[in-house]
Amino acid sequence: MSKHVVILGGGIGGLATAYNLRKLDSSLRITVVSGRPYFGFTPSYPHLALGWRKFEDISIPLANLLPKHGIDFVNEDGESIDPDANKVKTKGGKVIEYDYLVIATGPKLVFGAEGQEQYSTSVCTAEHAMELNKRLEEFYRNPGPVVIGAIPGVSCFGPAYEFAFMLHYELKRRGLRHRVPITYITSEPYVGHLGLGGVGYSRRIMEDLFAERSIKYIANVKITKVEPDKVIYEDLEGKTYEVPAKLSMIMPRFMGTDVVASAGDKVANPANKMVIVNRCFQNPTYKNIFGVGVVTAIPPVEQTPIPTGAPKTGMMIEQMAMAVAHNIVNDIRNNPDRYAPELAAICIADMGKDAAFFYAAPVLPPRATVIQKKGVIWHYAKSAFEKYFLWKIKAGNIAPVFEEKALHLVFGTQGIRLCADCSGAPGTC
Amino acid sequence: MSKHVVILGGGIGGLATAYNLRKLDSSLRITVVSGRPYFGFTPSYPHLALGWRKFEDISIPLANLLPKHGIDFVNEDGESIDPDANKVKTKGGKVIEYDYLVIATGPKLVFGAEGQEQYSTSVCTAEHAMELNKRLEEFYRNPGPVVIGAIPGVSCFGPAYEFAFMLHYELKRRGLRHRVPITYITSEPYVGHLGLGGVGYSRRIMEDLFAERSIKYIANVKITKVEPDKVIYEDLEGKTYEVPAKLSMIMPRFMGTDVVASAGDKVANPANKMVIVNRCFQNPTYKNIFGVGVVTAIPPVEQTPIPTGAPKTGMMIEQMAMAVAHNIVNDIRNNPDRYAPELAAICIADMGKDAAFFYAAPVLPPRATVIQKKGVIWHYAKSAFEKYFLWKIKAGNIAPVFEEKALHLVFGTQGIRLCADCSGAPGTC
Amino acid sequence: MSKHVVILGGGIGGLATAYNLRKLDSSLRITVVSGRPYFGFTPSYPHLALGWRKFEDISIPLANLLPKHGIDFVNEDGESIDPDANKVKTKGGKVIEYDYLVIATGPKLVFGAEGQEQYSTSVCTAEHAMELNKRLEEFYRNPGPVVIGAIPGVSCFGPAYEFAFMLHYELKRRGLRHRVPITYITSEPYVGHLGLGGVGYSRRIMEDLFAERSIKYIANVKITKVEPDKVIYEDLEGKTYEVPAKLSMIMPRFMGTDVVASAGDKVANPANKMVIVNRCFQNPTYKNIFGVGVVTAIPPVEQTPIPTGAPKTGMMIEQMAMAVAHNIVNDIRNNPDRYAPELAAICIADMGKDAAFFYAAPVLPPRATVIQKKGVIWHYAKSAFEKYFLWKIKAGNIAPVFEEKALHLVFGTQGIRLCADCSGAPGTC
């Protein structure tokens, strides 16, 4: 009888794994378990917040799509995992047995600053982005100061920069920019750190982009409290400061979801409940459990005075999904080859009419390749990529050959690498 | 009987106001009162100092010009203003009654450092620039170290940078550059601050321009004394230092002229004797008194460790003049519309064969638009603008429609804005 | 009888002096004394280390070459100089009388850090570079961390940067870069100082180049010890740190050779045994002794917290050689004209497929001209220059007219200048 792979999560990581598996082995039984009835293109949530995209533009309903590609879809969130019994229980009470489990739920958002969840909002989910869009419409009628920021422990800084740049652009378009002081407040030790220790001279690039846009920045501080009209932060000496804010967008930090936590300390990292994986993104204890995406535990690039984490960008997640799919199929086929993702990261920060582009391969230093660019072309590249990715999801073809070839040609990207020894924390193999 | 507008000052602010008024209302009686018999194009005084321009190239006699455009000219400095009696007395003893008074005298120069007036010189007046030119001719025969700088309280830094760059170029042309150490010493907290808190990444641009030209810079200090062979400055801790200087060009700070002071504390800001104005550049107490140009009291962009002021550049002054002209004519016509200048600033720092270009709109943050460029084109743009501006003065057409359109098209400049509430310090309306 | 000029040294300085002399005066007797049987193109030694050049590609045997151009060649190192008797003794025991002596031996290398000579290697001699090449071949099979650096007192930093950039390129080409952390550790107060106080904004350029290449840098420290698996350095407070290093390339500092020291304190600077020369590169005590190249004592550009020296680059050495040749020939002919080298420096740091270019004229500030560029063109320029220079050495034509004209046209380079007063330390005349 064919093996059953259960995938928790219907985002980039979950679907990329499902599609890769389907491509590698047409007889495999694959089930995607996700409470959200749609796939949403996360990188465009800042655009959703600004009203530059509609929800329908950047999401795809899964109910019909997945079966069409031979993948079962259970539209419920996972509630618990019993790794010893190889079973997942859903919130609706279904019990699903698996031969292999791929955890790709995405993160649980942690609003670590007092009042953050209530008075601020984020661009991490479609719901948050749409709420922010509503608040913005009101804000435009009666503008005032804005704070954009990230609390301690954040690993996803890119959207905060992007939102700052895009909001500047939108305010200018509306003739309101000169009435809106914008301040960027971050736990990064310097702007352009990005949780990555910088990407080439990203510090200089971000400083220049902020300076050109008259956006003030305050780095190396902890946002401790959000109030309806201000944001409060603390410096390294514990001194507190206030910045007026009629509107704020403060990024939360990420931890593992409750369903990961339910699997116990051998699956969930006790510190942050993220999935413990080795270099090949396999759990070291339960060899039939794998992790993909933001929910996996990856070490930070470097210690920072205020904690920050390494981002997991779309390209990294696609590479994880491909490695995991190969590793599962090879395990089934008794092929000893195991793969590790290269963990190369592309990040395009849209700025309205142009964009900043960063490429780091591998993300965890020493890096072989670092590229940073700025230009109109990257703005269009980002839009084009959104369309292309949604096409890939609809077509069920997550890793077309031409994409692999193009990436290798342009950036030298390898995607995944044969890994002789998978043991150890994710990183270079 | 038609109203009488008296304008103190025959510089950019005074003439721009006069011409705007004449264009808006052909029946108005307009009198320009100025001791200087000519209009001088201030931005080219550094060029005058270096002998790149002759005085005749950048000045226009006013005696025949103004009457030709229907404007009376009294070639005497104002001595006192009696704002309660609506009268101005000139140094020659004439008493002139006015319905509206526009104060556009330009600044009184304050040489705050000991020996500054005697041993250093400036490029703030045509006389100073020509004196500097004489000193330079002697200096070329026997060169030595040069100090270019700005004392505490200066608001006009642009010409100091420009003079440093242009002197470098001239010395190189003469094969003398390697014998002349040049040091720039400033009260700005960092180079490129410009009294503006920087314009985009002007700090980096200025640092690079100085580095490329082998010009040393010392920022965040107070020049306290100028001697025939050295300049003495003090750091924030009060420690003093000497820099050898065979020649020095140290910018003075500006305050209001004595004729402003004579009008009393309701017209002259007690702190610096500049004209107190609201957002529409009208005096809040005497509603028929207006201020235009460098003599108006504008708050600094930000507090700096050593005091600096916000510059009032040509474009800002032209916008003030246009707003004031509209406000006077509307007052006469009982039209309630009042205008505030946008206070957008263009600054082109000539460097001999290329130039640095900065645009900030509005000057007082938050800024909607910031542009910084460097290139040969801006050197020619500056020369072309000089010719164009002198043509405007001769033609009596200070704000041609095509200029307004072009500025709006290229930079989004608005010039003046309808202002619902003129109260408060000059700035965004 | 025709005068006899003896030249100690067969490198760039020695041969350039010999060829210039031969061109200026065909009757002169010229003898080159050098223990090395070949001319080696020093700037390509980093390329030799990486295996990008073979020794034969960048060296020329002297035994047949020099006689062909009418120059005697004694293939022995000098042992001692008796400046009062106008005699040089060679290691082989030959005693050579001279009318004029030109000291162009190049430096003696000083490995000031414990274990530096044993566990590290340099690119300062062909032998070192070839040894490094052997170590690299082994290193590629089993890579690990690399340290590239410079101890206190170094004056030649360029090849360290170049080697770092080129090693990055080579490792990437071999697919090994992501396994090799590279750290640059230097006595310069900041990267891009180059012993020159920077060249324009070389600091920013070097910071960016390192950031783009994922190379860490630690500046303003003293490397005190090299061990087989680590490099130990000390900060200004005397605190010590370790950096793991499976391979290290640490630049030594330079001092005068023993043969210079043998001439006594009036020829050899007591501090560093380099040749004491005036602005015209003539010894002030023994007027018939001249110095050319790295062995001459030139003051540092500026005091640095940890000592560094001013580099003497190829162009500077060619200019010294030309000035010295003119000065000797004019002395013989009783022509009172004396020349000083302009001391303009070109530095091209190769990076594999592109290169960084710096030009400073004169090297000792104030500088009239500073240029910094980055681009593919400079990579080819460097290769082309290598070929061109080797052709010049073979052809015996060290200063072709077209070269002089081209340099003057492109950079305004003067080469040498008539110097009314030769007294004083080398520098601007």
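Which chain is which? They are A, B and C, in the order written, and residues in each are numbered from 1.
The criterion applied here is as follows: a residue touches a chain if its C-beta (ideal position, glycine included) is under 8 Å from a C-beta of that chain, and two chains touch if they have at least 3 such contacts.
Bear in mind the structure is a predicted one, so any value in this text is a computation, not a measurement.
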item	value
C-alpha-based rotation, subunit A on subunit C, 0 to 180 degrees, nearest 5	120
Residue-number overlap at the subunit A/subunit B interface, same or different (half cut)	different
Where subunit A and subunit B are represented by their mean Cα positions, the distance between them in whole Å	52
Multi-chain contact sites of subunit A, meaning residues that touch two or more partners	204
Touch list for subunit C against partner subunit B, complex	198, 200-201, 204, 361-362, 365-370, 372, 428
Sites on subunit A touched by subunit B in the complex	171-172, 175, 177-182, 204, 207-208, 211-214
